[in-house]
Amino acid sequence: MALRLLSRLATAALVAVALSAVCFGLLDAAPGDPAASVLEARSGGRPATPAAIAELRAEMGLNDAPPVRYRRWASHALRGDLGTSSMSGRPVTATLGDTVPWTLLLTAAAMLLSFTAALAVGLVAALARRAWLRRGIDLVLFVMGGMPGFVAALLLLYVFAAATHLMPSGGVSRPGEPVTAYGLLAHLVLPACALAFGHHFGIYVRLVENGVRRVKDAPHVENARVRGLPGRTVVTRHLMRPGLVPFTARLGAGAGTLIAGVYATEVIFSWPGMGREAVAAARAQDYPVLTAIVLSTGLVVIAANLVAELIVAALDPRVRTGLADAL
Amino acid sequence: MRSDPLRAKGPRRPGGLLAVRLRPRRPALVTAVAVLAVLGTLAVLAPLFTSLDPVATDTSATSLPPGSAGHPLGTDLLGRDLWARMLYGARTSLLVGLTAAAITVVLGMLAGGLAAVAPRWLDGLIARTADVLLALPLLVIVLALAAVAGPSLGLVVVAIAVTSWMPVALIVRAELRSRRERRHVRAAYALGLSRWQVMWRHLLPGALPPVASVAAFEVGHAILTESTLSFLGLGVPPNRPSWGNLLTEAQAHLLTGEWYTVAIPAAAVVVTIIAVNVVAGAVSGPSEGGTW
Amino acid sequence: MSPHDAARALTVEGLTVDVPGRRVVHGLDLTVPAGRILALVGPSGSGKTLTARAIAGLQPHGGSVLLDGRPVRRGRDVGYAFQDASASLNPTVTIGRHLAETVRAHRRGDPSAALTRFGLDPALADAYPFELSGGQAQRAALAIATVHEPAVLIADEVTTALDPITQETVLDLVKADARDRTVLLITHDLTVASRWADDIAVLHAGRIVEHGPTARVLTDPRDDLTRALLQAADDTRAPERPAHITGGALTVRNLRRELRARRRRTLALDGIDLDIAPGEAVAIVGRSGSGKSTLLGALAALDRPDGGTVHRDGRDVWAMPGRARRAVRRRTGLIFQNPAASFDPRHTVRQVIAEAGPYTPDLLRYVGLDPAMADRRPAGLSGGESQRVAIARALAQDPDVLLADEPTSGLDVLTQRRVLDLLTGLRRDRGLTIVMVTHDLRAARRAADRVVVLDQGRAVDDLPTGDLDEARHPATRRLLAAVTPHRTPP
């Protein structure tokens, strides 16, 4: 187990390094000369002379070999210096500090919603004896499976905000008013639902449903029943525990898919998170902000994968002992 | 939980429920194929169905509702005809979806097939690379890529293919490997069949339905990704109509009451993906469904 | 309580079980006094398992099931041990947890005592089901079934998948445990019943056709089915020799093969020497894991050995070009253990056979199947039918060597007999060389001239079938002891 954990940590570290290299590559390939833009900013918009630019390039180390520059960039990044936004001139880390917490709040709420709902719906679909119930679930999932996250968001926005005014249409508080706990909750509901119930939701329901259904008639469940165990134990320990392994195994990847949805969702609901910031940065070609967001999103996903891995290992001893592949 | 712990096993339906449920019944399949055929025809023959230019503005006919004379779906704020824009948008969206999916599937099958027959180290390398790429939020990277290189049609196609070959590769690899281990494949070798005969008669026919299914799902996925990227303004260049672009432009109308400008392209996207999924589900046989 | 307390008994009256569309058990009456072992014997499909499940409350049924005159309390009074022990345990939970949850549900029992009773180290409570060997898993399953001291234990074909030595261990433990429990032993094997049961009830098409003390049933059977079962079990006719010999010769020298599975390496074959003459019938016997099947894979020119040579008719099969080796394989019929899995599930029976050679309806007729079966798919076949299709496929190859891996395991006694008759008849009529892997010495005696005993990858004994009873090697003696019926009067 310890060995496996170590190897997973090593893989995660490797992925993180690869990700940072991609980010650096993007930043490096971005059009425009950083030295020129710095000089322009210093002189208040006047174009700099080629000599001055060359001098500053040497000073900034922009003429060094890419590996050297990557190492310098990475060591700065590790110390929390990701450069300054070319749009606002603020340090990128300050922008991240303003936006990341909002995104974390939104994704955490969406994940909680998505995964608990998938669990509940999947269990109902697997165990329900009424055919119309299962058919209904199938139909809804089928339609949802064709709906990109942003279409779901637009639909929710229209139905609950534009047409009926039941819910606020965006932001985190009413214009001009401070953020309150209740107000925040009200503003959170629609974007969290939009994020949670995108096209990927059906996959998790199916994972739960198929996993539990495969175990439902397994001899070990019958054995548990014939031993006279209480119904609750049979369902939780003998049905759900082995049946949910495929579902939990996908949680990490699920977190990744879900986080990928924050861009459109945040744009549509004017949620002040890093997704909206990233889209704005991409449109304005503010590369330092953009790469910083790519990097931090990637790190969050890598961490989520690790956590999911640990949950699976706790649920399924076959993974702990490294036997899972053999089964 | 409402199940009786000592519930006796009731009579089981022959063939299993799963088979009925995951294999869409014939009418659904026929409908789906018909929908895709109609969409394809509309897209390919767009000029036959409208005489209007999808990018030509007409200041005398802005924001017309559907059903207006000469503009069956109405016009947008700049007076561009929505029907024409939908038709030419279908061209772009379907073209991008199909080419991206085709490249994705070819890439994935090559990588997966290679991994299945390659020596251990190469197999490990391909499988790990796919795992690592799957762990990254690829939409983010595509976003950054689009921002750096500027939006273009080719970039969207390449970005989708490069970031979505992994599920195809992993499925091809897993199918071929698990089939290779089966007893009946060993039996085929024991009958004196050559490697190629075994591959041709036993490995590929069995592996094909799941691969065909994932290929079809990739088409849906590609259309979905294209529309998302375009919606964010980072996919198809804004001067070229695509369903995603139409949605971007229409988004602001949602709160002002012209809901149809959003509903029409959104419905087109959803209907297309659902139809593709029906077809994908039909070729997959009784499997687990979607892979992304 | 005393073992012969007549008041304490499991009583089944007028038991009926229906499956959709038809009745499978027709009004069964049965009384088993406490402390006795009743073997419920019958061929596949006779309703044994359904009866047992009905008694345990796993199956809706008509009639009454009473324990000491009152209805059986489900979960409390009947412990049930399933045929496939490792599948009957939750793979994500330890053995100890299985025991503890049962104890908690009934507020009685002692987990470590239950493990000890079945000869397991109490430390095994920390193990997961998939970490146990087949015999250990079955004993753990029995411990779990009886930890809460139910009055009745149902052992449903608990040893079908085990080799004879492990079977002996497990059933001896069940018998020892039966001192204060009523045991219902479900089996298709009359030899098992005769050795471990006090009473035998023979079930045929959902009705009990014979019921009495073991000694009486064995010596004075009253029903035709019982007689047929006894005959099949006691069938010791030596195989007939072929009139003319067409078979191939196999020679194995110093054969070594390692199996590598997840970082673990086991030496499956450790220097085997073996000569098989044309037209000979050889049985390779041994416990599970002795390397029998690995040897068969090497003889089939299918698995390349890690050391040593395999010669077919004097030619080294691994020195010849691939094309010639495939020709050797075409002349070798290989019947797999559990043959249903060796058919491509997408093919029909006809396609399965046609892949080996030209299909003719006579092939199916020869193995005793209806040619109308040719268009069915393997998934719908019974164990005996699959075995015969596998033989038909091997025959379509027109082989000169026939290799069979456990051709009788998992089949009931009557079907076993038919399959063995088929194999011996084939050799008699066609002069084939036959090599059969089995852990069933009875099958070996019936179908082979010569027995080779494998133990931990080595051939420890090699003798004519007729001399088997005089064998001296401990591994051979152990196998013999495990299948010798003890016909002691109760």
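Note that the chains are named A, B and C in the order they appear, and that numbering of residues resets to 1 at the start of each chain.
Rule of thumb we're sticking to: a contact is a pair of C-beta atoms (placed from the backbone, for glycine too) under 8 Å apart; a residue touches a chain by one contact, two chains touch by 3 or more.
Since the structure is predicted, the reported quantities are computational estimates derived from the model, not experimental observations.
Engineer: Return the chain whose centre of C-alpha atoms lies at maximal distance from the corresponding centre of subunit A.
Structural biologist: C
Engineer: Looking across all chain pairs, point out the one with the most C-beta pairs in contact.
Structural biologist: Looking across every pairing, the one with the most contacts is A-B.
Engineer: Roughly how many whole angstrom separate the Cα centroids of subunit A and subunit C?
Structural biologist: The mean C-alpha positions of subunit A and subunit C differ by 53 Å.
Engineer: Cα centroid separation between subunit A and subunit B, in whole Å?
Structural biologist: Those two chain centres are 21 Å apart.
Engineer: Measure off the straight-line distance from the CA centroid of subunit B to the CA centroid of subunit C, and report it in whole Å.
Structural biologist: 50
Engineer: Would you mind listing the residues of subunit C that make contact with two or more other chains?
Structural biologist: 57-58, 74-75
Engineer: So which bits of subunit B are touching at least two other chains?
Structural biologist: Where subunit B meets two or more other chains at a single residue, that happens at 6, 9.
Engineer: Scan subunit A for residues touching two or more other chains and write them down.
Structural biologist: 225-226, 228-230
Engineer: Hey, which residues of subunit B end up touching subunit C in the complex?
Structural biologist: Those in contact with subunit C are residues 6, 8-9, 11, 182-184, 186-194, 201-202, 205-206.
Engineer: Could you please specify the touching residues of subunit B with respect to subunit A in the complex?
Structural biologist: Against subunit A, the touching part of subunit B is residues 1-7, 9, 17-18, 21, 128, 132, 134-141, 143-148, 220, 224, 227-228, 231-234, 247, 251, 254-255, 257, 259, 262, 266, 269-274, 277, 288-292.
Engineer: Using the touch definition from the top, list the residues of subunit C that touch subunit B in their complex.
Structural biologist: Contacts found on subunit C: 19-20, 57-60, 74-75, 300, 302, 322, 326-330, 332, 334, 336, 338, 341-346, 355-356, 397.
Engineer: What part of subunit A is in contact with subunit C in the complex they form?
Structural biologist: Those residues of subunit A that touch subunit C are 218-220, 222-230, 233, 237-238, 241-242, 245, 315-318, 321-323, 325-327.
Engineer: Write out the stretch or stretches of subunit C touching subunit A in their complex.
Structural biologist: 56-58, 73-76, 78-80, 82, 84, 87-94, 101-102, 105-106, 128, 130-131, 141, 144-145, 148, 261-262
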